[in-house]
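Some notes on the structure that comes next.
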Amino acid sequence: MTDAATDAPAVDWSDPALRRRLARRHRGDMRLKAVGVAALGAACLMLAILVASLVWSGRHAFTQTHVTLAFDVSAEAVPRDDPADGRYRTIVREALYAHFPAVEGRSDQRALADILSDGAKWMLRDRVVANPELIGRTVELAVPVSDPYDQLAKGLVDPEAAEENRRLSDREIGWFRQLEEQGLISTPVNWGLIANADSRFPELTGLRGALWGSFYALLVCFLISFPVGIATGIYLEEFAPKNRWTDLIEVNINNLAAVPSVVFGLLALAVFIGWFGLPRSAPLVGGMTLALMTLPTIIIATRAAVKAVPPSIRDAALGVGASHHQVVTGHVLPLAMPGILTGTIIGLAQALGETAPLLLIGMNAFITQPPEGVTDAATALPTQIYIWADSPERGFVARTSAAICVLLAFLVAMNAVAIFLRKRFERQW
Amino acid sequence: MSGTACPFRPVTEFLFGLNWEPQIPIREGQVAAEGAFGWIPVLVGTLVITAIALFVAIPVGILSAIYLNEFASKRVRGVAKPVLELLAGVPTVVYGFFAILTVAPAIRAAGTAIGLDVSPNTAMAAGSVMGIMLIPFISSFTDDALNAVPRSLRDGSLALGATRGETMTKVLFPAAIPGIVGGVLLAVSRAIGETMIVVMAAGLIATLTVNPLDSVTTVTVQIVTLLIGDTAFDNPKTLAAFALGLMLFIVTLCLNVLALGVVRRYRELYD
Amino acid sequence: MGEHIVKSFDEQLVEIRAKISEMGGLAEELLSDSLKAVQERNTEIAESVIKRDKRLDALEMEVEELTTRVIALRQPMALDLRLVIAALKISATIERIGDLAKNIARRALHLSKTRTNSVTGSIVRMGRQVLGLLTEVLDAWGRRDVEAAVAVWRRDQEVDEAYNSLFREVITYMMEDAKMISIGSQLLFIAKNLERIGDHTTQVAEMIYYVEEGTPLGDDRPKGEPSGLELD
Amino acid sequence: MTVTMEHEAINRQPAGSRDVKITARGVNVRYGETHAIKDVDVDILDRAVTSFIGPSGCGKSTFLRCLNRMNDTIPICRVTGEILLDGEDIYARSVDPALLRARVGMVFQKPNPFPKSVYDNVAYGPRIHGLVAGRGETDATVERALRRAGLWEEVKDRLHQPGTGLSGGQQQRLCIARAIATEPEVLLMDEPCSALDPIATARIEELIDELRENYTIIIVTHSMQQAARVSQRTAFFHLGVMVEYGETPKIFTNPDDKRTQDYITGRFG
Amino acid sequence: MGEHIVKSFDEQLVEIRAKISEMGGLAEELLSDSLKAVQERNTEIAESVIKRDKRLDALEMEVEELTTRVIALRQPMALDLRLVIAALKISATIERIGDLAKNIARRALHLSKTRTNSVTGSIVRMGRQVLGLLTEVLDAWGRRDVEAAVAVWRRDQEVDEAYNSLFREVITYMMEDAKMISIGSQLLFIAKNLERIGDHTTQVAEMIYYVEEGTPLGDDRPKGEPSGLELD
Amino acid sequence: MTVTMEHEAINRQPAGSRDVKITARGVNVRYGETHAIKDVDVDILDRAVTSFIGPSGCGKSTFLRCLNRMNDTIPICRVTGEILLDGEDIYARSVDPALLRARVGMVFQKPNPFPKSVYDNVAYGPRIHGLVAGRGETDATVERALRRAGLWEEVKDRLHQPGTGLSGGQQQRLCIARAIATEPEVLLMDEPCSALDPIATARIEELIDELRENYTIIIVTHSMQQAARVSQRTAFFHLGVMVEYGETPKIFTNPDDKRTQDYITGRFG
């Protein structure tokens, strides 16, 4: 069988050349390892910087400066029969002027009035409407200050800077300090960020509308993509005949997963809005668009999970005389379910973060009411972020970062669930 | 449709035209500033940013994957993998904001420090942030490809006296290359199609340049800017946007088909 | 028959065959020498035969050990298995042949004190006949020649007949001269031994047939009524 | 004719008789272009163990999988010729593969218990075929199957722990119990021991020897020694042709065909 | 020794042991009957012995076939293998014992025409002695009792001595009366056969030792110089 | 002592001598809590085939993998006691596993050729260790290794086609050639034939028999028959203990230990 083994010169492993070479090889190892560490470090560092800078710049949005004033809700200013229609604007101003008797003149007073947020009068009105007994009394209420003063309170306005390129004049700063000395300034947690809907005034804006919009959109997306996705995946993997048609479909689905999201936006714009005439900016359309993008993810996840079920199980079931659909429903699907769920959650997480297509279908409108249903115009978390990011006021920078933190919180939660599922159910065959 | 002739420009102008100025006649019949729709500068801009992104993502992604796959201890892997997944899960709009909030100013500062003038929305910012976004993408593809290589090969190499590094560079990595290439191709198509980062961090003006410090615009930016706000379906802006969308779709489609083909064939190698 | 993929197995089988042939050759020598001893009343030869038989016993042990080992280590099947089994039995048989030859030689020692007589001639003649059979059967083994083996198997009959006539001859011879009785008895045993050797050769022949054909050679061997019982 | 009638028909069988159980005539199998099985004729005896041996790729598994139509699950696989189970063509249009497979059980090379409890593994077949009604009956069936598979003593205290938690040998016996549970008439085994160590293997062989009384068993094996040990009849396949088929002792002590002799004595190529 | 995991293997081994014992039992019968035939000059008994020997040959064939099959189908190792090999050899030996008994019976037929004489007695005595050995060795086989086997193996010497004295007796007896020569020669062969049977029992003993201990029982068996060569 | 001295020391070996090559004393291996190998002492003969047999899970592979420190690649695995190769402790700090493994080659259960050409597969070892300089030298080494592995004739026309394209048996011989190429002194084989059919197996056994002249070979196998066929010495492991070790014929015809007897005659549990 083998030829007379022509004997080889036995290797002398102690040959210094070999030894040197060996040392070199080990150094090579160390180098490779080092670059690896560096690369990984870089990646982690990036994430760190990203999170850090967002949290840092967002931190101010989690608190809001308030000034506590005593409002004299006199019966003549607010008619008892219809509290909603009172002259609250003057009430609020009077309350502020009371602290600055020295300030005279219309223009000065108007400037002084700018300390308070526009929302102050609405807040007072809501309070009074909520319980009319207050009419004829004085009401103690903490109302938000307007953005420039909020910035000032949070030390973002540098009083030493040249007056002309400050948003606040020395005089205005003086007023505010005065209020501070009187102990009327407080900076509680800014629940408005979650509770309020969008607004032109940073100190008043909130994510309520965006959250509901995203919720409705994801709901629609889930209701469409989950059943359809699983059904398609199972069909393709288990029942579809293997011919060029199914091959074609397969290729298409795999590609769909990698098609740029903006293209889906165009599609939705042309089809859903252009042809079907569905309402612009509606979570319904958004959800349908996102469904288009989530579908391939779920289909692929389903097929992968189904493929991962070892054929030996299939054989076993067939071997005892199970019919094909019994094999699928009784063995394949249950074993594949964790994988499918994981895929779905990840898909939804992506959908939650998708922006471009929603922009194209107009879910970036300025809407101050949270949507009542899937057909109302609404924004979504990511689009809201985009809008704020575009807004000029300084206050929106912090607000945007804060909104992003909220979004990330949701995403981390969802991914955590997915990872948990994967760990919990991963099985070695 | 209303009288403008814009929709009926020769396709060649769109495909080979060297300037892109999609200003719109404000009023009917105002012929003065009629937009020019040559997509080449837009395409070049896209490619520049893509290139920058890959330049960042490929080395970092692949190397970190190699480290995790071969050298990292169980604990390091336990930490690093979720981190990367998190990085992958971050929405693009966040990256976009990150770019304008942190990266662009940083680059600018750096640029001015060494006496370069860097445009406010430089391709560098958008590109490098997009690169960060692609790191986990590439590294997970590389990791999968490396894991798909049967463990027995690793044992075989080690048993011949190869060091771990040699095993990686001479056996595992070569065996995984097809899979990795597939991953990179997908990354490219994703970079080309990426929208929010560029919309927020890149420029709007289509200038035909390859200087990474200049401001360039991309296909997706144009699509979005042209379509934001209520626009009727028959005006040239919209149609131009759709044209760009079509091109975008075709290009990415080709890339994907190629990539998936590569990956599939490679998978069959070991199944 | 082709070669095994594993050569060392072939080698072992060849070794077994060789050992058997060696035993056979030795047995032949012993037989022919013992006959010479009888014919020439030669004590040295007789002695040497008796000594050399030891070697034969040793060889049998070797074959037995070798076959056991092959069975344990190689799990022979079919042809190979039959060969091993046959080797086991043939070696025992040849060892017996050796014993019988030795026994003849012993008796030759005692005859040596006497002078030769007419009977000796016919004994030696019968011996040659048996020796011929033995040689043939061993050749058949070496050549794996079934026909030859069967031929030997048939011709054993002649030996039986020769034995009977010889038996009668010796008896009459003893009757003629009572002093010859003890010598005669020795001659009788020699004849008997030769007859036994004949039988054993047939057993070898049967084994050869079994190895090559896979089936035992039927028990319908033509026998001459043995050990001359037809007188009184 | 309706399926039910058909099956009454198939079920007509000389119970307990020691004669031919499966008859194959001119069976050919093709995978697309590869001609895996060429004109195989064979009569499998009832209540005996028949083993298929031969070099790998010779078609043993393929032919085995024809006998319970497992090949139907491979799209490119085409089977021609006729295979009769108790005289009924199992490839007749009226025969339902699911029912057929309940009657012709199969055990695979790698132990493949379902990721369910031991109990549910065994109960699975009877349940889907509606052979058991109610808890008590199921329990009885499960116990009977496990006893027959010689596993009862080992698992009776852990019936409700996952079957995948057992040792390799136990898993394989569990698979046998699962196959037995539907009261099949024939058991097909494709290299059932090749994943097991000698001790587990011996256990399975012992089991096969006991099962022989009640089932017709066909076993594919790479180990000639195993074929010799467990089977009464042996068929030798080579390049898709059934070269020789006969009494096992005959095959292993004195085969007729040169190729068989060469194979079992280790003289090949 | 524990049981095999595969019971049918045990069964086959048991079957082999059983067949050997059966052969042994039959051989004992044949021997004792043939002796009775000699003693009582009883032709029927002699005839029946000759007939029943066929059965013994058949049994040997069976054992041979069985062992071959076990080797081919079970690949026995160690203990089991030794048992199988031993069975193969013992069966051959017992078959020989049967032949020898048959041969005695034949000669008994011829003696029947003559009246009994003094020698007959001592022959039968020697016969009983041999029979005793045979019985013991077979019990040893059944009980797997090595000591007993070795004991038998040693005591064969006595048989040899008995043979020698008997030989001398017969010779003198023939010398006294020339008419007795042919009968005497028959008696001589009977004695010789008994001596051979003794030898064969020792072989069985050796095999028993080999099976249980795994090593061959040394060849240093105490032998009485056989086949009485020590006169004049 | 310095590394170089260390290695000169290791290389001091009675070339061609037929005496002890590897000595193990009081070797214990633990995987976390499981105590896989218990106090194993053994002397492996030079230029002979030694086989390890035993029920699965008894520690054969584990012990084998101690001999070229493959266990170092399993984090939780701890080895104590001493293992001497030509009298030098291979677990000494000064011994480099990479070099050790070049001198103690290994062949695995499943053929695992690299997805490279046949040529590159064989050339791999010599190249990384810098044993060959230049094309010509490499060619010579590759051919020599392939010849020794009895594969040259079959592949010499397809040296540059992928090694994964060969048949299972050829692949395994390619792996052997690959291991031989670094001129090792010892070859470890872990069930090298369990994935092959009888014919390919016979080829490998024949090959092992020839390699014996030049290498010390240790083979783990589940098939007692195989151990009996190929090895001169056999060690029987049971529950991590080496129960018996001696001449193969002795072990298989007349073992001393009852457990060994029980195992090889199939009387267990």
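Residue numbering begins at 1 within each chain, and the chains themselves are lettered A, B, C, D, E and F in the order written.
As a working rule, a contact is a pair of C-beta atoms (placed from the backbone, for glycine too) under 8 Å apart; a residue touches a chain by one contact, two chains touch by 3 or more.
All of these numbers come straight from a predicted model, not from anything done at the bench.
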Number of hops, chain C to chain F, where each hop joins two touching chains: 1
Touching both chain B and chain E (chains): F
Of all other chains, the one whose Cα centre sits farthest from chain F: A
Homomeric contact chain C-chain E: same or different residue positions, threshold half: same
Inter-centroid spacing, chain D versus chain C (mean Cα positions, whole Å): 53
Between chain A and chain E, centroid-to-centroid distance (C-alpha), Å: 102
Distance between chain centroids, defined by C-alpha means - chain C, chain E (Å): 21
Set of chain C residues in contact with two or more other chains: 4-7, 9, 68, 72, 75-78, 81-82
Chain D, residues touching no fewer than two other chains: 199, 202-203, 224-225, 228, 252-253, 266, 268-269
Overlap residues in chain B, where contacts from two or more other chains coincide: 163, 166
Touch-based graph of the chains, sorted into line, ring, star, complete or other: other
Pairs of chains found to touch, sorted by chain label: A-B, A-D, A-F, B-F, C-D, C-E, C-F, D-E, D-F, E-F
In the complex, chain F residues that touch chain A: 3-4, 7-8, 10-11, 15, 96, 98-99, 102-103, 128-131, 141, 144, 147-150, 152, 182-183, 203, 206-207, 210, 213-214
Chain D - residues contacting chain E, complex: 199, 202-203, 205-206, 209, 225, 228-229, 248-249, 252-253
Chain E contact footprint on chain C (complex, rising order): 57, 61, 64, 67-68, 71-72, 75-78, 81-82, 85, 88-89, 92, 103, 106-107, 109-110, 113, 167, 171, 174-175, 178, 181-182, 184-186, 188-189, 192, 216, 219, 226-227, 229, 231-232
Chain D-facing residues of chain F, complex: 55-56, 168, 197-199, 202, 222-225, 263, 266, 268-269
Residues of chain C that touch chain D when the two form their complex: 1-6, 9, 75-82, 214-215
